[in-house]
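Scrolling down, you'll hit the structures one after another.
In what comes next, chain A is part of two complexes: it sits with chain B in the first one and with chain C in the second one.
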Partner chain A sequence: MSLTSLLKTPLGFLSAAAVALLAAAPAVFKAADLPFPANTLLLCLMYGILAMAWNLLSGYGGQLSFGHAIFFGVGAYTTMVLMLYYDITPWIGIVAGGAVAALVGAGLGVPLFRLRSHWFALATIAAAEIFRLSFIPWKWIGGSAGLQAPIVPREKALYYLQYAGSYVYCYVAMLFLAAELVVLHRVVNSRVGYYLQAIREDEDAAMAMGINPFKYKMIAMVVSGFFTGVGGGIYAVRFRFVDPFAVFDLITISVYIVVAGILGGMYTFIGPLVGAFVFMPITEYVRVYVVSRFPRYYGLHVFVLGVVLLVIALSVPEGIVGWLEEKGYVRKLKERW
Partner chain B sequence: MLVSLADVARAIVSGVLIGSVYSLIAMGLALIWGVMDIINFAQGDFMMLGAFTTYWLLELAGLDPLLSLPVSFALVFALGVLTQRVVIERILQAPMVSQISATFAVLMMIRYGAEAAFGPFTRRVVTSYTGTVLRFSWTTIPLTRAIAFSISLVVAALLYLFLTRTYVGLAIRATSQNRMAASLMGIDIRRMYMLAFGIGVGVSAVGGTLLSTFFPIYPEMGGFFCLIAFIIVVFGGFGSIFGAYISGIIIGVTEAVSALFISPTLKDVVAFLLFIIIILVKPRGLFGARM
Partner chain C sequence: MPLLEVRDVTKRFGGLVAVNSVSFSIDEGEIVGLIGPNGAGKTTLFNVISGFYKPEAGRVLFMGRDITGKPPYTIAKLGIGRTFQIVKPLLNLTVLENVVTAALLKSSSLSEAKERASEVLEFTGLHEKRMLKASALNLVERKRLELSRALAIDPKLLLLDEVAAGLNPREVDSLLELLRQINSAGKTILMVEHVMRAVMTISQRVIVLHHGSKLAEGTPSEVASDRRVIEAYLGEVVF
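Then we have the complex of A and B:
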């Protein structure tokens, strides 16, 4: 379908308008000096990247991962180490972080894909803990104190990807998100995507049809790991600081990703991105406007997120986009493109 | 590093003592897992609530931890029954994703609700006998840990008697073996599930109370103990409550003895590696019969 005819459908027009708004937003926020919306937008985009990547393995492939912090952390550390120790620009570092995370995914897949359903989920939690605990005493990469990037002179800002505020990083995240959307759209609408769904629905039946579950789960894990690692790299350059507690965190990384995925709709293409754009503003609002002002109530933002997750799990398990598709408000993306 | 035999003996004793508390937390998890086939990720946080109940009763009413023990069981039992009715009952037949995310949601609400309410501070339960130690020729044992060990044994024995000697206990076990058959025999399944979940989290809360007498408490403490409880339950064969008790002690001893040889962080790495290896190689655990 050509772009002009896409614009004529109401949903196509809405999506185009949303993309245009999104592209203009960081510039507007910068001009108006609004750091909070810019920070929130960056987190939406970043968790969008992570949740979309997670959904390939856990949504399409049905292999529920609670350990995506592994890829996130590995990506963040790779970007940081390449920049600090080898003076390599994060433009390469972020992609390299994704590549290392993909390798880690392939390595983890070998033992973990022997497990099914909740055993796989439990093993991913344990694996993430192993990563976190092993990075704490690892002196070369800063141990428990972590790694901090120094401030660089302005003329090197582009090389070291170091800018004040979240504004520029929003565009960086959008760039990688766009690349991810293209890759994932191709993957899920290819043989790999259909085989993954077959494996999710009934692994034994899929095997009987001649599908090798291990091979396709592995492809999903590698692609998923890559983009999660890229998300970690973006985090590292934005916050200029990584430590094992933040980047391998079970709740704020692994579970947040799952929440975004489930909230938006696991079995849909765009759902996880929508989920990230719905839950991140809520939790960021509570964190910045309630918790920061009343530090006494630290933890409230995660509590609120727990309530959101509970409501979704109990009443709309198919997620926002899944629900819209079911009601016929949106057609499935596959049929439209 | 030179480790003498006496060091090992002392490590074994302290491992048994701490392991007996791990066991209580794990038994609750195993009971719920075995009866309802629900993995309760919030188990450690119910335990934390038990610990905080003890703390507040001591601070506000001056109640000794040993006296607040039944209160902590009762309160968390009630909360467990409520959780069962509001949350768990609605996800029993749901896909795994909904089940896991619902118990994770309960975890986030309890853990961070407690953090928002009590503040992220570390607290200690201090009583008149907190510093008392029992002296033996070759080792010393803190009185609080000895008490915790004895009570843990009593609670485990009571749970055993309840599940094997009483009508309700038998009904709970029957429900876990075959839901349909049990309901045809006239057992009220809903009530059994409420009881099982309430008792499951209540027993863990007793573990929390005992732990609080010698261990600093903070709202996020449940995370570590929940992971330990998972390792124990898997090691003991999931669903096997008494397997969980024995393997809790084994894990406690392993942990204490390995601390003599390797650093504390690596010690936990070993535990999690073991966890993955066990579910890969021997998913039914060491005592893998169902209850």
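Then we have the complex of A and C:
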């Protein structure tokens, strides 16, 4: 589609405007020295990558995962280990992190996909805990202390992808997010996308149509694992530090991904990205400004998470984009001016 | 060689023998009715043939090939399409998407599948509802959707589980007309049916199951006058 035909619908115009705004934002934040919006934007983009990846397996495929921290953590560690121990640039390391996470996904799929519905969901939590607990005593990769990347000289910044603040990383995240959107869009509009939805809606009906559920769940798991691993790699280079408690965290990784996905709309393509852009600013604001003001009330951010979930469940159970689609707003936005 | 051959198939659930050493065969091009009182084992037999249940004993042969215990998706690929008695629409997808999903089995591209699905929907009379979500359909339409999906995988043999149930006489007639057309297009049909008028008018042959065993087999008129069949049905009626 050419740019001029894109601009003929309100949705096309809004999308183009959003992309332009996003592209300009980090530069503006840097020029105006605004670290908080830049940090928040990076988190939106990162969780956008994660939630979009999660949605292929859990939204399209209906296999509810509360264990995506596995892929995130594996991707983060892979990028870090390659950089620290083998001097491999994170540009390769992030992609390699995705590849290793995809492999882990294939391995985990074999036992996990023997389970259906809530049993599968519970098993993903257990699997993520196993990963966290196994990384803690693993001395080669830093054990419970984790791994930290040293500061590198400025002329090596591009090779080691090391920059002050979140500004540059926003562009890195946008690059990977764009690649992910292209790949996922192709996947969901192919045989795989149709088959995954059939499996989600009714596995028996799917089988009667000649669909092997295991095969397509595995494809979803591998693709989902890959991009979640990429998200982990971006995290590792941005924070220059990984430890088992942070990257395999049930709430701040696994559950945040799920909440972003559900808030934006699981049965929609772009919903999870929208969900991340709504949920992360709320969480970041609370974490940075509210929690610090009430230091005695530990766990306030989790309380906010609960409130957000309650609001979704009561007012927009189908998610923001799902709601917009249902009300016909999306169709209207797709009509020509 | 018969298209489908069921040999001494037995299926048990715990102590209950749902299907007891049943044998029959179906030739290409036939329309065969499978009838019997509630709990006779008709649906269980369908589930064995289509791979959803593994039988404890016996074999199922399709085009001379042993398909016993093969997974349902393999059997579907080999050319057996089925509908479910309790309909299984993909509720959150549109009618068209439901059928496209099925049509993908024999299509090399999505656009080809969309074309085939449109043709099928045109044929089954759901074309006007193709953009509706399946959840918006009523039961009669949902049954048509089941049939459309089964047709869209382009099977050699169609297993229809009570597609006429809940239809009014006029709807039954139009359904029978549809089935005749499907049959004359070269598809073999095995149908479980409670609506006697439907099964007796359209079937060339009828197989009667009772308490999991085959009770009788023959033309509709032979079966209808069989004393054991009458007893099986009347014995069950408790007013």
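Everything below uses one rule, namely that the second predicted complex is superposed on the first by the 324 of 337 C-alpha atoms of A that agree within 3 Å, B and C clash if a C-alpha of one lies under 4 Å from a C-alpha of the other, contacts with A are read in each partner's own complex, and residues count from 1 in each chain.
In this section, a residue touches a chain if its C-beta (ideal position, glycine included) is under 8 Å from a C-beta of that chain, and two chains touch if they have at least 3 such contacts.
All values reported here derive from a predicted model rather than from experimental measurement.
In the superposed model, A:293 lies in contact with neither chain B nor chain C.
When both complexes are overlaid on chain A, the residue A:251 reaches chain B alone and has no touch with chain C.
Of the two partner chains, chain C is the only one that A:210 touches; chain B does not reach it. Residue contacts after overlaying the shared chain place A:327 against neither chain B nor chain C. By the touch criterion defined above, A:121 lies against chain B but remains apart from chain C after alignment on the C-alpha atoms of chain A. Look at A:139: by the touch rule set out above, it reaches neither chain B nor chain C.
In the superposition on chain A, contact of A:303 is made with chain B only, not with chain C. Those residues of chain B lying in contact with chain A across their complex are 39, 87, 90-91, 94-98, 100-102, 104-109, 111-116, 119-120, 219, 223, 227, 230, 234, 263, 265-266, 268-269, 272-273, 275-276, 279-280, 283.
Those residues of chain A lying in contact with chain C across their complex are 189-191, 194-195, 197-198, 200-202, 204-213, 267.
Residues 58, 64, 66, 111-112, 114-115, 117-119, 121-123, 125-127, 129-130, 133-134, 136-137, 250-251, 255, 258-259, 262, 266, 296-303, 305-307, 309-310, 312-314, 317 of chain A touch chain B in their complex. Touching chain A in their complex are the following residues of chain C: 50-52, 71-73, 76-77, 81-82, 84, 88-93, 97, 100-102, 104-105, 110, 149-150, 152-153.
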